[in-house]
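Chain naming follows the written order as A, B, C and D, and within any one chain the residues start at number 1.
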Amino acid sequence: MDKLKEECGVFGAYSINNNNVNNYIYMGLMSLQHRGQESAGIAICDTSGPLGNICHHKDMGLVNEVFDQEILENLSGNLGVGHVRYSTSGASNAVNAQPLVMKYYKGTLAMAHNGNIINADNLKHELEKEGSIFHTTTDSEVIACLLAKNRTKVSCVEEAIQIVASQIIGGYALIITSPRKLIGVRDPLGLKPLCLGKKDDCYFLSSESCAIKSIGGEFIRDIEPGEIITITKDSINSDYSLVSEKRAHCIFEYIYFSRLDSVIDGISVYDARINGGRALAKSYPVEADLVTGVPDSGLAAAIGYSKESDIPFSLVFHKNTYVGRTFIQPTQEERETAVKTKLSILDAAVKGKRIVLIDDSIVRGTTIASLIKHLKEAGAKEVHVRISSPPFLYPCYYGTDVPSSSELIAHKYTTDEIRKHIGADSLGYMKIEDFDQMTGDLPLCKACFCNDYPL
Amino acid sequence: MDKLKEECGVFGAYSINNNNVNNYIYMGLMSLQHRGQESAGIAICDTSGPLGNICHHKDMGLVNEVFDQEILENLSGNLGVGHVRYSTSGASNAVNAQPLVMKYYKGTLAMAHNGNIINADNLKHELEKEGSIFHTTTDSEVIACLLAKNRTKVSCVEEAIQIVASQIIGGYALIITSPRKLIGVRDPLGLKPLCLGKKDDCYFLSSESCAIKSIGGEFIRDIEPGEIITITKDSINSDYSLVSEKRAHCIFEYIYFSRLDSVIDGISVYDARINGGRALAKSYPVEADLVTGVPDSGLAAAIGYSKESDIPFSLVFHKNTYVGRTFIQPTQEERETAVKTKLSILDAAVKGKRIVLIDDSIVRGTTIASLIKHLKEAGAKEVHVRISSPPFLYPCYYGTDVPSSSELIAHKYTTDEIRKHIGADSLGYMKIEDFDQMTGDLPLCKACFCNDYPL
Amino acid sequence: MDKLKEECGVFGAYSINNNNVNNYIYMGLMSLQHRGQESAGIAICDTSGPLGNICHHKDMGLVNEVFDQEILENLSGNLGVGHVRYSTSGASNAVNAQPLVMKYYKGTLAMAHNGNIINADNLKHELEKEGSIFHTTTDSEVIACLLAKNRTKVSCVEEAIQIVASQIIGGYALIITSPRKLIGVRDPLGLKPLCLGKKDDCYFLSSESCAIKSIGGEFIRDIEPGEIITITKDSINSDYSLVSEKRAHCIFEYIYFSRLDSVIDGISVYDARINGGRALAKSYPVEADLVTGVPDSGLAAAIGYSKESDIPFSLVFHKNTYVGRTFIQPTQEERETAVKTKLSILDAAVKGKRIVLIDDSIVRGTTIASLIKHLKEAGAKEVHVRISSPPFLYPCYYGTDVPSSSELIAHKYTTDEIRKHIGADSLGYMKIEDFDQMTGDLPLCKACFCNDYPL
Amino acid sequence: MDKLKEECGVFGAYSINNNNVNNYIYMGLMSLQHRGQESAGIAICDTSGPLGNICHHKDMGLVNEVFDQEILENLSGNLGVGHVRYSTSGASNAVNAQPLVMKYYKGTLAMAHNGNIINADNLKHELEKEGSIFHTTTDSEVIACLLAKNRTKVSCVEEAIQIVASQIIGGYALIITSPRKLIGVRDPLGLKPLCLGKKDDCYFLSSESCAIKSIGGEFIRDIEPGEIITITKDSINSDYSLVSEKRAHCIFEYIYFSRLDSVIDGISVYDARINGGRALAKSYPVEADLVTGVPDSGLAAAIGYSKESDIPFSLVFHKNTYVGRTFIQPTQEERETAVKTKLSILDAAVKGKRIVLIDDSIVRGTTIASLIKHLKEAGAKEVHVRISSPPFLYPCYYGTDVPSSSELIAHKYTTDEIRKHIGADSLGYMKIEDFDQMTGDLPLCKACFCNDYPL
């Protein structure tokens, strides 16, 4: 479909009493799958065994394609980290899959990384000048190299991480298993989410709280932007030396990336979307017979719009969940058929109706145009489109995969031109000033809407 | 999950002007995937080529697992039939996958079959006594054998089909490609659905109208119960000799099996479910803060309940669509975790709320019990369960896979005992006498509720 | 390479004391792999379990590609039959793989078949006229159909087999497992080999004695042409009603098909080839420095030529055994390179030498021409070719895959023209009258050399 | 089987006129497959394209399992290197497969390596101390790291290689493709073979001459021990700065590792083995009826013994070439059956005969004991064993995989005890002083026989 793409999800687990964490990581990744469908991997070790004995498995594909019962059982240990990936930096292939497992001066280390390092190329060039070699094209390997370099100069891995974190610029959440420690790092602006949880004797670090919840764990808190958290058998330590006052949380975590049942930096994604829908209803009221959302990301905002406007919510699309990544695109037919195969109109619900249709964003505009066309063909009298984000105008340098400006419909047309182009009877984009209705006083990165980059 | 299982979906296509129908069948099967996820297959031939040259491919798995671009391109021709299968009769293995392709006296024939033949064992035994051999354990092979036998005695395949249809007893929809004909047969009671559609020069037969719609085709009409329809290059002929007055449409097509956007025997599945929800609201009103449905099959009835009761509809669950068939079940954890991984509660929507929860049926009761428990843990004040079908008490002999009576919760307990068992604050099952609110005066098979078998 | 192709190998096993025979069949097939590399299969049942419960596995590929440890372990039972196949009748695909497993009036039956039935099409047509259907294009299914038909008329399966055997015309070896019997049938002329063996409590039927020997078993005797042998828990019975005086054993079993360590109809294949080489030396003596054979089938005859002529045997080729079926043919290079990759010349052994080169047959002549060219390039002074079979002139109707006459070099050219064509300094073919030096007074089928078909 | 294992084979190709070399490398690796069956890989680039654009594919398995037509076609370019591997250093898994492809200061580099670096662990430790990270456990990555380090200090890659070659100690043959150069390095002692060839505009570097010959190329010369050869578009340069007088060629290249049709350091492997057989005949004459060899490595020496002794050579074993790596070992049977399945006795050739049996080495003695037992069971009167190498007593540190001393039969028993143990009537090992009959005055490494290590 016609959507922005998040880069990655990360999940780490450490059982203090040496219980096996492989199932926790597997299930955690299942619940972070929406953050990346390109590759998946798990690296795991046994802290009671010989130092540095990490086993890992990673490959292209979804979590349940990459892992089967046998593979998972062979990944046994009480400390591990997992990763799901959609690539932005680094080409799409198996060698770039994460976690990255490497041997270095102080043993073996596994690392999973979500985000983008703006100055990765410069750092890589410096390292190459000193004789480093690189096997992948990922930012993660650059971080690993820096870590290994600096580890030789300091007395513990946390110190090395602190030095590296002060060198890298960008949005990132990192989980590292150094032989007997589970370490999490979050970028100082808080662009990428990372949180801490617990179940029995086991600690978790996760991109989102939903993964902790799905395995029956308890959410403890978000990792603070700039915090380096180190979990050992005996203690949990936090290093705040990189914490600064400036914050810039990514608004798209609330609008689209994160799962509806996650709570990110104290704000429920569900509430944020409901309130986003309410804000749209206040800013762009319209007389209509029903409100609906484009499945699945527009549904919560549609409920919010319905609550605020008292226009009843209704189902209007049937989503065929069997149409997956490997669906063979029809060659002799136009693109619209593919949309129809994935999202089918419930004619009986639509005929003669004035519809408010909520979606989270418009990137190229092709999908929404198809849907409106099909709704009208099915007898919809009016289709009023409400978008729960402002027009998307500028690229993201922090890890979100955005089409080039020339492909962004909002970059080329005015809102009214877009309305005409997609065939809507009215069109309203969320106002930037209404973000506080979604996320309160949370400091946000709004660079993609207003070209105001925090870094 | 804890659901009834439909047996199969069938889809046939015939392009009069010799265009390739492989993509139509592939996309048709994608839209019938909900009717069977165990195996998939396509058989296709070119009516302008040498007679009886059918190529086919079938295997265990979902449509998009069984077919890739290359395989699909090799299945080229203008007349074909496809099948998705969940097995009831016949063990689960590749040899039982359909369509069945066979050579017989008059050439080559492909057949796809949805349903169950009650007297298959008797017929098979009779055939064996005359020396027939069987390669599979499916009803379909019995039908094929009878067809070949009778074909030697009559002048056209339709006549043979008529004889066979008069011998077999049960619920079935059959699609057959005899070298130059596309033939559909529907059981006299109309237990299984089958309909006719068209796009440009191409005719379709399909289990459900949604598949015709999804490929941009036009729904023409349902095949009449007992009708044998034969599409040739020059004509469409219908044989009504087996049509009788007695009808008994399967109510579960409306409650659960068919897709929300299908219209079966003149009644929209969406409308039927909305009206089912309304009927529940009338029979079992309750004071509550929100109505919701168990995704995905309970959602439409929940909207109906909401419309009738004016209690607002709300989202309460997040369904993880990545949790598929190959999901590795946690071994060290209780079953509930698996439910949690698949359906996650939106805590922010639930806390302190009195909830009406709609589901389409209760089979064993395990899933609904888990969901209620999780809702209460998330802070729900009350959970009132409404089921859009009556208690399920008796086995189905017509092609629906039902657990043994000892596993059916309604077989063992009274409604109030079930309510306690699943932890609900109240429980209401759809009343049999309310079916007319869903499906009007359509004659129904209600055997599984009241032991009154039409055959 | 440029060789004739045998159709199949069959192997059956029956452990009287209910021991598992899966490993015996697997290893037996490994030793019959030279008879067919296209598909492999095993069907097996437990005679102490419920009647007719046969499990089987078959697929395209070599024995060790089709079976792995897990698959083999799941094929458990004390009575079974296996098959390796190179197809002559019946297209090359998985559905045609054997053994054929079918359900019929009297239970379940597995059948493995080596050979060709000349009147299969007529028999099939008759069966179709009576209403039979066919799932494959193999002769084996025709036999199975006839068997099922006739079984309804007689009191035991052996009787039915006797009737069927009297109807089918051709060369064949059949192994059948009827629920509690292991049955072998050999065609009345003895065109195809079949023998009986034993190890501990386990009886074997096998295409060749080498398979029995390789699993540590004891060779008992050849099955007599026309014999139907039935092994039960309590007895071994032989029906000789189809035995006739006329015999016609296939000479190519000795020249090429059978393995060097087999004994077929009382004659050691090794001895036959050694003696064939001796006969060539007597008929076509030449002054030379060394004798060698084209690996592997020409080596034994070369040893024989060496013994008779006192010209020393030498190695001249290195065969790359890693060049298998899936070797990617060079596209930009001529065919000769492929020969070179498979058979490499030992230059040091060849330079300045006069060479006698023995091969078992010349089909198209392309391979031998390449080899001679390479030998001369490597410095061979003379290359004298001796072929341990007469010129191949006529097609085989009994199960050997022969190129069309237009591709047979001996069909188009005289021996001297062939000599020039392949670049040899002299060329001698085995004389038909010398066969008695190979196989004594064994009655032979020599139809492919002299157009004198025994049927 | 019970054999020593070579580590690797390497093959590089460079087409000056920009022709595609992928087929050459593929076919070259096919001809070096005997040097390593665990993994295979090819890295290739187009020197006329953008610098450093290397594509590669490598995986566990044989060459024709790892590559298919499509994969091979996607590896397009005029400069490349391939590798087949049996691991000694570095665990057996896909990440350790070669060639190693890496990005470094000066672009991209692919490297294939045969051999073992004795001081790899020390060098690795030093690199780690300076902050290097390692993704694999191979020596090759250590060499690559050193190369990258040193490359930053010097003006061309050859200089860096020279420095690295002066640091690493061991036996090795290296092929490197720096963006526009094909570079070969051979260890100063000449422990590992490497040679140069040519076909049309294309230069080759190969472990053995057989690979050059098999693709129709012309062998030019061996790379000199210590030589660094650099092939560019315009020139071939040799750096001899590391060449020393001391040489120590591995005798096992002649006895067993190299292919019979290769010429290594001026000596034909075929001649060496023939002469080894002759030497055995002179040192250990015996009265016998026939000489034979254990296929395939003992055959040439058997021919040599036959020539010297005038005892006729005969075939005695049939080797089943279908018994490959994935053969399922019989569990209920003793090991001997596996030997029997792979090597079958030709009873007719053996009965009543006194046999001289030649093999290249005895490691554990299990295989030869089985063979002798089977020969005697088949009626052999006497079996006289001659081994074309001295008793194997000490480990190899230069890249040959040897079982631990406790498993070496010669380490535990005297020759006569071994004779009894294996059941031979007499036993003679090649005398160390007879090596000059095999390889003339070539300086040899004989460390594994006499504990005299050259490094």
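For this structure, a couple of remarks:
The definition used in the following text is that a residue touches a chain if its C-beta (ideal position, glycine included) is under 8 Å from a C-beta of that chain, and two chains touch if they have at least 3 such contacts.
Bear in mind the structure is a predicted one, so any value in this text is a computation, not a measurement.
If you take subunit C and subunit D together, no chain is in touch with both. Ranking all chains by how far their C-alpha centres lie from the centre of subunit B, first place goes to D.
Chain centres here are Cα means. That of subunit B falls 50 Å from that of subunit C. Averaged C-alpha coordinates give centres for subunit A and subunit B that are 36 Å from one another.
Mean C-alpha positions place subunit B and subunit D at a centre distance of 61 Å.
Multi-chain contact residues of subunit D (touching two or more other chains): none found.
Viewed as a contact network, the protein chains form a single closed ring in which every chain touches exactly two others.
This structure has the following touching chain pairs: A-B, A-D, B-C, C-D. Listing the residues of subunit D that touch subunit C in their complex gives 23, 26-27, 30-31, 33-34, 37, 62-65, 67-69, 72, 210, 213-216, 259-261, 263, 268, 270-271, 274, 296, 299-300, 303, 306-307, 312-315, 318, 320-324, 326-328, 330-333, 337, 340-341, 344-349. Subunit C makes touch with subunit B in their complex at residues 101-105, 128-135, 137, 144-145, 148-152.
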